[in-house]
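Scrolling down, you'll hit the structures one after another.
In what comes next, chain A is part of two complexes: it sits with chain B in the first one and with chain C in the second one.
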Partner chain A sequence: MLIDRKHTPWFFVTLLLSVATVALYLWDAPNHPSGPAGNTVLGIVFGSVALAIMLFLVALGLKRRVPHWRLGSAASWMRAHIWLGLLTPLLVALHGAFKLGGTMTTVLWLLLAVVWLSGVFGLLLQQALPTMLRHSVRQETVAQQLGRELDSLILLAEGKTQTMGKRIRVVTSGIVQRCVGLSLHETVPPLEGDALDDKAVAALVKRNDPIPGAEPIRRFYLDEVRPFLRGDTRAKLNDLSSSEAMFESVRTSSPTHLHKSVDQLETLCQRRRELLRQRMLMRLLMTWLFVHAPLSWALVLGSIVHGIIALRY
Partner chain B sequence: MPNDLDPRPLNERFDLRYVHRRTWPKNAIFWSSVIAMLVTGGVLATLSVRRDQAIYSSGELATAHAMFSTDCAQCHQPSQDGDYWLPVRDQACLSCHSAEAHHPHRSNHVTLNAPTGDRLGHAAMDVNCAVCHTEHRGLDHNLSAVADSFCVQCHGDLHRWRREPAPPYPHRQPSVEPTEEGPTANPILAFNHPNPLGSHPEFRVVSKQTPRIDTTLIRFEHHAHMDPQKPGMQDALKKWVAQLEAEGMTHDQIPVVRANGMLNMSCAACHVPDDAGRYMLPIVYEKHCQQCHTLGNSTYGEPVPHGQAIASFVDALAARKLYEQAAKQAEAAKPTTPATGPRPGPTPGPRPGPKPGPRPGPRPGPRSDAGAQPTSIQLASSNIAVITALAQPRPGPRPGPKPGPSRTDTSNNVKPSITPAQHFEFERATISRSLAEQKCIKCHIQLIDVPKPKRPRAGQAPPKLESVDLKSTDLSKIDWRKVKPKAIDWSLVDNARIEWAKVDWRTIHASGWSLLDPRIPDRWMPRSIFDHNAHAALQCASCHAGAEADAPEPESYPATKLTWKLRPTGRTRQIMMPSIDDCRKCHHPPNRTSHGARDGCVTCHTYHDSRAPGLAGHRHTPPAPPARSNISRFLNE
Partner chain C sequence: MSKRKVKAMLAATLQGELLKPDDLRAYDIFKGVDLAPLERYPGTIARRRFKAGEVICREGEGGTTAFYLVEGRVRVFIQRKLDAQQNKNKPRRGGIIAWVGRMFGQRPIRHQPEHDADDLIPIDATVDLTYGRAAAEMGPGDVFGEMSCLNLAPRSATVVAETDCVMFEILRNMFEAMQASETFVKRMDDLYRERSLRGHLRNVPMFAEVEDEDLERLRNEVTLVHAKAGDVVFHEGDEADAMYLIRLGQVKVSQHAPGGERTLAYLTKGDWFGETGLLRGSTRNATCKAVAHPSVENVPGIKPAPIELVRIGHTEFAWLIEKYPRLRGKLEATAELRIRDQQRMAKTATITESHRVEELGLLQGQNMMLIDLDRCTRCDQCVDACVSAHDDGVTRLIREGPRYDKYLVPSSCRMCRDPVCMIGCPVGSIRRAEDLHIMIEDWCIGCEVCAKQCPYDSIQMHALDELGTDLGQEYEQLAEAGEVRQVTQQAAVCDQCADLPTGPACVYSCPHDAALRVNSVDFLEAMDVMDRDVHSGVVDE
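And now, the complex of A and B:
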């Protein structure tokens, strides 16, 4: 979520709350000869408010599981999550009088620090990565469609077939069949299980006649493009500059009327690189949550136990 | 994507159910959150099952309580109702510690000082032990080293809290002139505060703002005893040193200073620390004075005792004198008495009968055993009643024909005689005055001119002495001449803050001559604590200046009529206690030149009132601190 003008009220509310709590702390501190602490009235109030905020913050994850509940917009929740989350360490510090305390409270402090820092890191990523994504990925897709999009690239290149038992039916033809004259027999991906029956394939698949001058493209496709589209991470086409040089070489060695097919193959490769970059960025965008979310729950659980034990003793 | 590249229809190009499908990152985050909670809960549950509560401790216990570090229940005990909450209650502390009562001004403990508590309300503070003695601050935390902020809470603005005069303190105040009551009302924020107005004021006993003098009822001048050139001083010191050497003391142990071939007394000659080395033991005549200042002998050749024994000694002398008078009268009456028949007239004292002298046998008297004259003490120990019986007039008509005024026999219409008790009181007062003028007054101060005792007249009843309840009586209406001296509780006099000199005056007047308590204070600063041993590296004179022979004459003190009589010279008026500036030379916060010694309130003051009953209902007797090694002891060891 980008920090925009909609956050202005929350910024001032957080600032006001920070100043107010610090002023309360300073006002109350001289009343305690041994210094302010978590067991004073104000310290307990600070701790209770901090715990309540923590519960609200983790409730964001639960709220996302019930998006149809009318509990406010996700954006509003996120704004509150961000700013109240930023306020929480101050409240906890005032609650503990800026001391770590014992083992339990030290662990809680550590958890809070990691959770808070990871949240800030995530917030910063949210500010930078979407812009980066918009510039580097021309056709961004939703995260859930990434896998389908990547799979469709090889489909677009080699066509779509359906297998019915050991029989294969061509649904659509791909670029390499239409323009390059590549045999479907060469492009049909191997099926799991039993090998295809060559006779059945020969009976069902119409073999195109070889197109004159397409052999360099055909070889280039089989050697470079196909492994790349199938996910070979060591393929040379993963690198943009290498890709451009290789496709330029193919164009040079192929007739002009086939350049359109070369361009289409290059588009597929470029598309795959973009989708891979989007997937990488989106994974990076989610990575901090692997730290933020679990430790948040551990922090909340520990804080509840700490509150009960501290009040008891 | 261009359509010519992807001829598929839209419904085939996209997964229309993608919303319902959870991607692996979200699933992973969800399950990692679940695992994190399970791990956290598991760890806490395991610790709970194992009853390991150390993780919840807010910090390490102090060394004194380290043995309880794994047993929270030692201090966190449930209430009598057995409820869930386990704060540290005072009873847990009192099960081991015999805590003294709280300062009456701050205590709102209902069983201790209800009126004060009601007056201050709960605004002051609660009185739980753990409020001040905070635990879980680490192994090195000193639980008794309460921070200054606790004291400053009230002493930073005493006007706010002092709504009535200071409460009585049942201890003896220094013998100083009466000044304002109660503790200082100056705001004290620290011993050394950047703002001088917030610093600890000058010690009252040496404050120049309220100058006071040493009004101890003893004639003593340090300067005279520290002057080696004083006539007779060298002879006396040599004799004393020889005596100490004969007792086995080594050269270094003898508390004299040898300089320029002369001996001089050191401070340690009289001022000896107690076993703990904290305070100096009281000056005792027999230990510190008698060597040079003997009291001599009475007219009967018996040594005059000192202290409380002088009372019985005077009684004995008076009894002996009466006895001798009676014997003399009996002896004088013997030749004029006929061999038979009654005595011609009533004679006071000797018994009538054929043998007027003292009877032989157990009755003491000069004639009971011609070879062993009883001493005065023996006479006194036989009771005044013996003397009284000797002088008892015989009732009944006098058979003798001798006319004359009768002093006892009222049946013959003669004037009543002087009673033996009156005789005895007169003799005792006379002897007391004589001894006082010859012996006591050399050291003890006589505040007024005691009138010479008058010989009692016949029929005059002795004054009846009364006891007065000083706590409930209007002191201004008391006729002090009728007050028994022993009925006065000096501590109560101090508490009532009477002008003590007035009380002394009346007391002396009422009793003729009485044994005056010299009122040398055990401690000149009773509201503070001090450890001489900790200051053993310092010279005595660095704090107690003015005792040396070459010490300058102290500046003049305002002397009232009373103080002038008490202390005629500036040296005798001076109270040789250190100024607060002397303490601040070392006790200050760290600065560029020195780390400074501790300057917290509890360095010199204690909060708990050790004189009042403890919280546990019994009086606390603080254990004597172990003897601390000083430098000389360390070197010797």
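And now, the complex of A and C:
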């Protein structure tokens, strides 16, 4: 969530609560000769409030499961989640009088630290990554379609084929076929899947008369574009500036009438880079939650156990 | 529809016994009809014989012929989601959370409105179906498939022979020739007046309380009007002299607006218009024009089907109002509502000169969904909320679409000023609600006409697992034998969560304030500002 003007009231409320609780703590401290602690009245109040806030914070995850229930808008919940979450460590620190305590409370402190830091990390990511995603990926796709979209690029390049016994039938022709004249109508060994494998492409390339001037493009496609579109992480085309230089070089060495196809291949490569970038940024935007959410529940459960034990014994 | 597809459809050949002019002259329906086209194009009419239980045509399938029933009886029906009573044994979804929610009154939207049993479901036949019983019978002299034949529209219903039947199956060129014959037209008019008009009049809410004998008088006194696609029934500003009921085809209602015409609605079979001007004794406040079906619009060589209207003249109208004073109150209320809607729509008439806005169709949107991409974390909570908010569990929102500056315009209904999706529905199941949102009734036959018509991919087709008909066991036998095609999908469109007090669930559940539903007046004004900024290089487009 972007921190904007809508957060101003929450900022002041949190600030006020922080000042008030610290003042309360300082006012109460002299009343305890052995120093403030979690078992004093105020200590218990701080602890209880912190636990109540934690319960509210994890309730956000539950609310997401019933998004249309009339429990307040998700954005209001999120604002409360952020600011009350920021306040919690202070309340816990005041509750424990800035001491780690025994093993259990130390573990709880550790959990709180990881949850708090992961939350802040997530919040920071949300300030920058959405804009970055918008600028670097011109046409995003939904997460569930990313894999399919990446797979479709090679089909756009090579066309879609279907095995019919010993023959391969062209369902749609691809950029490469149109450009370098790879005719797929000849008899080739049956293949699995939609796109052609290396062996079949090599066989086809050998078999067909090359279109005049298309040889540099054909070689470039087989050596560079194809491995990249098939997911080779070491391919030079992964890098934008290398890609631009390589495509420029192919354009220089091929006749003008084939440049349109080169441009189309470059667009495919650019699209792949963008989709990969989208996947990376979207993972970044979400992965922190895999730490934040489960540890939040562990923290809440641990805090409840701690509370029961402390009050009972 | 592509030219090639239209050509292929028209090249269909008939099965059965192909007839010559001499075979037809003995039949009343062909008396006075110029049968010369049959000489020129032999094989355009065939005599078909169907055994009891045989399926003649299936809803949703493409069709290019009309049928004239000579002997026997047929049953016509559509599949649809049956009412709650019949689905009462269906386990409720959602588990314990949904159960707790229901305890506290948190219910998903019933995605279709309630209906009275008498509400009309228009189909392409000389009879109509009702919501209470979506099945009817037809006998000798009835015609069905007229719209499929003339407009190449999908079949609106399934027709099954109830007894052994004989019928004429007629291709388009012959049917057109028949329509050119005054005798044929008069016969069809008489048939309509005799069999369907009464039901249509009764279906108009304001005539619901009119006594039978008065309705009978009205039935005899109304005029049946035939118009060509493109004909204007009346212009905005004309003197109001009649109200109209649509018998066949579609009518576009539009108003002048700054910068162009604004479409208020597309009305279809069973709808009525023109009552406001009559009631108030004022001039027309909108233009009503007959429109062609989208399948044949602008297809060279294809003449769109005529539009048929029932005209209730000023005298009959005044007589009714005088005899039923309560009618005036009802009409006033309806007129008030329509005027209010028109005024509200007029507010959206902000015109922008931005080509980009036009290109993206933003100008069309009266209530657009936008996603601020600088805020959106792509968590898909909006989509999940949409699914969760509707009792059919289908999303009306796909988080993909064009961008304008930092906004994504996702695939979700934008309540277009000109809702072209409403043109051509063979069963009239798509319409505009009073609050302007587009809704699809549960008798949708899944033909996809609306989804294909929507320029913004905002109508989704979703698979169905449970449909029924009012035919019960009879239908089940046909379905088991594979004789009737199961309707496997229906259209779904964003209803703006009109029934939820929280407003659209997508907006309500976005944790990042990224999802917006914007009033088009406000937003397009902002767009204009932004557009100027784009041209001056302030923001990137």
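We take it that the second predicted complex is superposed on the first by the 262 of 313 C-alpha atoms of A that agree within 3 Å, B and C clash if a C-alpha of one lies under 4 Å from a C-alpha of the other, contacts with A are read in each partner's own complex, and residues count from 1 in each chain.
In this section, a residue touches a chain if its C-beta (ideal position, glycine included) is under 8 Å from a C-beta of that chain, and two chains touch if they have at least 3 such contacts.
Here the structure is a predicted model, which means the values were calculated and not measured.
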Fit or clash between chain C and chain B when superposed on chain A: fit
Comparison of chain B and chain C by chain A residues contacted: B
Which of chain B and chain C A:Gln126 touches, first, second, both or neither: second
Which superposed partner A:Arg226 touches (first chain B, second chain C, both, neither): neither
Touched partner set for A:Met286, first chain B, second chain C, both or neither: both
First, second, both or neither for A:Arg218, with chain B first and chain C second: neither
Chain B versus chain C as contact partner of A:Arg272, first or second or both or neither: neither
Contacts of A:His95 with chain B and chain C, given as first, second, both or neither: neither
Partner chain(s) touched by A:Ala143 [first = chain B, second = chain C, both, neither]: both
First (chain B), second (chain C), both or neither touched by A:Met78: second
Which superposed partner A:Arg70 touches (first chain B, second chain C, both, neither): second
Lowest inter-chain C-alpha distance for chain C and chain B in the superposed arrangement, angstrom: 5
Residues of chain A that lie at the interface with chain B and also at the interface with chain C: 142-143, 286
Residues of chain A touching chain C in the complex: 1-2, 4, 6, 60, 64-70, 73-75, 77-78, 126, 129-131, 133-134, 140-143, 282, 285-286
Residues of chain A that touch chain B when the two form their complex: 30, 33-35, 38, 61, 101-105, 107, 139, 142-145, 148, 152, 156, 160, 172, 175, 264, 267-268, 271, 283, 286, 289-290, 293-298, 301-302, 305-306, 309-313
Partner chain A, residues of chain C touching it in the complex: 97, 101, 104, 106, 108, 373-381, 384-385, 388-389, 398-400, 403, 406, 497, 500-502, 505, 508-514
Complex interface listing, chain B residues touching chain A: 1-2, 5-8, 13-15, 18-19, 21, 23, 25-26, 28-29, 32-33, 35-37, 39-41, 44, 53-59, 72, 76, 84-87, 125, 131-132, 134, 136, 146-147, 149-150, 152-153
